[in-house]
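In what follows, subunit A forms one complex with subunit B and a second complex with subunit C.
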Partner chain A sequence: MPVRFLKNASELADVSWESPLPVAVTNAKPVPADTLLIATTNLFPTGERDLLGSTGAPELPTLDACGQYRKLIWFYFREGAADTTYTILARVTDHNGAPLGAGWLTIASGTLPGGANSWNRLEIPDTGDAYYDQYRILVNRTGGSGYYLISKIVGVR
Partner chain B sequence: MSAERITRREMLKRLVIAPVGAAVLTTLEVREASAAALQRYYAPYFVAVLWEGRTRCDSLWRSLKGDVVAILPTVQGATPYDRLYWTGYALGNAPVNVDMRVLARAVDHNGVPLGSGWREIGQATIQTPPMRWFRVEIPEGHWDEYRLEVRSATPRLVYSRLIGSQGYWRE
Partner chain C sequence: MPKVCLITSNLTRFNKVWTQVLRHLGIDYTLCVATSGGVGATIQTPQGGLAANSTDLRNYFRLFDAVILCDHALTLSETAVINYSVYWLSWNAPEDPPFLFFNPHFSTAITESAYNSNFPSDFPIVRPNPSDLAGTLYAADGGSPSAFTPLFTGAAAARGACVLFLAENIRAHVMTVCNAHGASRTANVVPYYWRLNPTQHSTLANTNYTHRVARNGRAGEILAVPAPPTNPEDTETYPSDCVVAYRYRNIFWLPHTIRSFFDTMNLHSWYTLGNWTPMLFWLLYGLQLAGVRPRYRLPVQMETDHPIESGANTPPFNFSYRQQMEALLAKHDYMREFARRTGTAIIHGVRVGGRHRTTSASFHWQMMYGTGVPADARAVAQQINQLLVAGHREGTTPCGVHDHTAGNFQGGYWLGDVRAGFRRHSGMRYGAPANVPISRGRCCVAPHVLPAGVAPPNALTVQVGDAEMVEWDHTMSGTGDTFDLPLGNIHAARIVIESEIEEMLALGFPDGHCAGHKYTNTAANASGGECYWQALKEFGFRGVRSASACNEPHRTKRVVSNRLWHGFHLITDAGFDLAHPSAGYSRGLYYPDSPSEGDGVRHWQLDHGNDISANWTTSAVAAWRAYRRVVCQGIGNWLFTTAVVLGGFYIHLGTQLMIISLSDPNARFNGWSVQNVIGHPHYNHAVELLENMDAVVRLLSDVLYWGTITDVMDHRERVLEG
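Right, the complex of A and B next:
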């Protein structure tokens, strides 16, 4: 016997894949972590650039719409051991997505850890919570030979 | 699929004449596509069993699954988990002396690792009297794949469970 239900107030429909029974899910949970970025950064040239390769002005965000994330986890595999610095900038936007002010807030900087062909992990921010809307993540090879930096950034709610 | 237009009175008549049985209801098809949007708060603590089983330890570094193939992960899809907990019980009458190490790596959207090899999160030796429980907390979370390896100079059976916890926001 087919199972039928009242659809659109006055239509009796059979339950099927095309016409599923309306349900209210009571025990669902949001996904606690999202992959925000996977990028390969060319560090053969020197000079500061973000993970997507942008340099100079305008200082575009590397990541946008991140306000829901408490932490960002930056996983990276670096193919070379050359001295490299990193700088993590953040800012907040209004409801239209426009930054509240000019420039950026520096929330972390330092020497990029790890040697050649090594896996590494950085938490952004290192302590406390984030909840910034936009991030600009800069790297700069300051010596040695060029290499590729392969990154993955996960946002954690 | 079929549909027909009926009055509310006719619908009530049909329901009274042919009630839907509970056994039928259990097989109904439902969709959960919008489930996340329906609940905007987090459950206080959520854990999932990522692996459970028996490992035959010997002098080789073996995954908990038993393989010695270094490129294979023990668990995949671990991105949501902030911490992993490995709890087990080693059989045998001799004192337990099992080496273990935890490796991790990240993958791209196609599931391909970003680079070669693994990051070694940590290495330890589990030393307990015979027939005791042990527990290891793996703090470095949100890696996509983990490989948990064990070895023991004295062959030994270890029953264990690896769980992932999404408790990040409770810190």
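Right, the complex of A and C next:
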């Protein structure tokens, strides 16, 4: 005896792979956003580094598998006001996660906004949509005293 | 579910390891913020802001199984860190919860009169005086300063301690810093133990006291002291009034555990090693003392890479191949017995590839069958293999593939774009003479938009994760066994993995994925990309050990932060060898003529104030100091791996092969009384790590158990968001 259910309000259908039982999704996230990264970056040393502290591996992404995200929101709290630059690099990958080519596309760069003990927010990209698979997010303290930069990045689908 | 209250006055620097560990243990928590470190602080609770000395706060705390103070000082000169907690030292009724103080700041530098007047007059530990350190504290671990601060010790630069836990009567090597002080907050800081007031303690120890955490029914109890030496060589002794952990009524006075630092541990790689918290033992012990019984215990397990491997038979050790194999055989015999005794399973990553792709004598197959290896050594290697196969079948030594020949250079999956001259196996589905695809060819990754007639009838459908691809016009292998193999595709992954499994079967193992654990530790922790994970799933694997930069040193990719890919586990790697790979092999705990990072002290930055290197040949205690620091670092890193990142702690047996005594390879460390072949202290890394961790597991029986990698993956699925 097949199990049947009312489909599309009027059609009586057998349960099958093609017409599964309807379900109500519970515990669904109320917003289409995921926390992708929480990291503390030591900016006491100078020199360009990614948010995870990587300095010697220019091909290494800070974030991977981000292809589903329309936009990334970078929240950060900077403990110091020292001049700091940021560079956001992005690229896409093939089905094995391999970049389509070497190097990166620079999608944003500039001076990191905010003073000492300030909260800040940057959208990646600032206009349009993203959908890149990988990002390498670089910061570089170019003057002043060292400090810690505390970041949280949220991906929005 | 048990529930604890965490208190901090600095939310910015609140270390997320506190909550991560509690979540993994299944302990609920409420985080309350103190508005300052002073006595006048208000404690912000879900019931509102409550004065630190209020009855309302006291009643609020009674809702919890324990209250934990999370803040610590960096120097004893500070005046207000947790001063507000002074009132709680007198909340000792049976209804009050236990309070856990870690590295508490109670120095005489505190000037607030309300603190000093409310500090219990019968408290039995001498308050540290930064102007009279020698009169109020005992310098620990040789008394040398750490170049930085011992409170911020991460995955390196440990301080050593052997602690005697009195009630349990167990000696354990756990990193122990009760307080720390230096001229600067973060440079040249010395670790200290506490000084007891024997008269006050005697009174408390003879005073009846009723509370659920007072296991001896007395108001005062010494919980732990520096363990007395077991060998006269070890002259690092402490007076009888030196303590490292104390229970004052329902107040637990415990060493440092988690540093104040803003970080989370959801994404792990070598870049965050400085943020590890290897003094985690004291939090786990404190929870157990307080009777906070976790919903989940954490499985402890260890892995090795290269169960059969040989190193250089050159100076200073000159071990022959046979001697190396005999030493390895003794180690494996011990580890199998250890696993039987404790119920754990010690995973081994068999260095495959030697059957088809290399003749190097350091590979498993070549040590057993290579003509470059003397017959007597090969015979012992074959004994080891038989022992491993038997252990694999009985569940004590599960073995899996570990291929340093798949990619280029040091190997691992997908290291390099093309593996020149790749030699595959014969038979099975992807071996010679089967003519199989070796690269992607032309493809369409969205078949629903592929126009009819473009793909030929013999096109293949390939699934990688969520992506379904139609492929055609592949580059084919031909019928031969050797070709240049493009590595970044699922066809290459299938050929590579099947060839590894074929070698395991030829070695006598029934599978290549650690039997029912369906796991292995990847070579160089390079797990490749999605195509390799997909192929591993196809061959029955549930997970592999993987670096965050999972194709390192190709370094174009990272694993996702929760380390789950379509239900496939990418277990965090945590290696603890006594030498950097660049040094070839370890020269022991310390060896004066070692190359850079060629011994444990150099590799793990343990020569604080040169108090090992300057004394090695003149003072026997230096060897004991090196031993304590190495073991404390290892156990600390292992505990962190177990409790925070739920990862895979591993060593290379061969790397530590040379430094043991050939006549008694499994002997415990005993300073210069047991020596290796070059007359330096014998040290068996596997024995010392396992036996010392066993002491910790026995101490923390409410929190830890000897488990398996399956238990780790099960627990990850239990506590991590998918």
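Operating definition for what follows: the second predicted complex is superposed on the first by the 125 of 157 C-alpha atoms of A that agree within 3 Å, B and C clash if a C-alpha of one lies under 4 Å from a C-alpha of the other, contacts with A are read in each partner's own complex, and residues count from 1 in each chain.
Quick note on the criterion: a contact is a pair of C-beta atoms (placed from the backbone, for glycine too) under 8 Å apart; a residue touches a chain by one contact, two chains touch by 3 or more.
None of these values were measured; they are calculated from a predicted model.
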Next on the checklist: I'd like to know which partner A:69 touches here: subunit B for first, subunit C for second, both or neither.
Outcome noted: neither
Checklist entry - Between subunit B (first) and subunit C (second), which, if any, makes contact with A:38: first, second, both or neither? => result both
Checklist entry - Should A:96 be classified as contacting the first partner (subunit B), the second (subunit C), both, or neither? => result second
Checklist entry - Given the touch rule stated above, what does A:147 touch, subunit B (first), subunit C (second), both, or neither? => result neither
Item to check | Which of subunit B and subunit C A:135 touches, first, second, both or neither | outcome: neither
Checklist entry - Does the superposition put A:119 against subunit B (first), subunit C (second), both, or neither? => result first
Checklist entry - Which of the two partners, first being subunit B and second being subunit C, lies in contact with A:59: first, second, both, or neither? => result second
Item to check | Which partner reaches more residues of subunit A (counting touched residues only), subunit B or subunit C | outcome: B
Next on the checklist: Applying the document's definition of touch, where does A:77 land relative to subunit B and subunit C: first, second, both, or neither?
Outcome noted: both
Next on the checklist: Which partner chains sit in contact with A:13 here, subunit B, subunit C, both or neither? Use first/second/both/neither.
Outcome noted: first
Item to check | Contact residues common to both interfaces of subunit A (with subunit B and with subunit C) | outcome: 38, 77, 79, 150
Checklist entry - Which residues, counting only subunit A, touch subunit C once they are in their complex? => result 36-40, 42, 52-54, 57, 59-65, 77, 79, 93-99, 134, 148, 150
Checklist outcome for this item: In their shared complex, subunit A is touched by residues of subunit C numbered 12, 16, 261-264, 266-267, 269, 271-272, 274-275, 414, 440, 445, 464, 467, 469, 488-490, 528-532, 549, 553-561
Checklist entry - In the complex of these two chains, what residues of subunit A are touching subunit B? => result 1, 3-4, 6-7, 10-21, 23-25, 28-33, 35, 38, 70-71, 73, 75-77, 79, 117-121, 150-152, 154, 156-157
Item to check | Footprint of subunit A on subunit B - complex, ascending | outcome: 1-8, 11, 14, 18, 20, 24-25, 28-32, 35-36, 38-40, 42-43, 46, 79-80, 82, 104-109, 114-119, 140-143, 166, 168-169
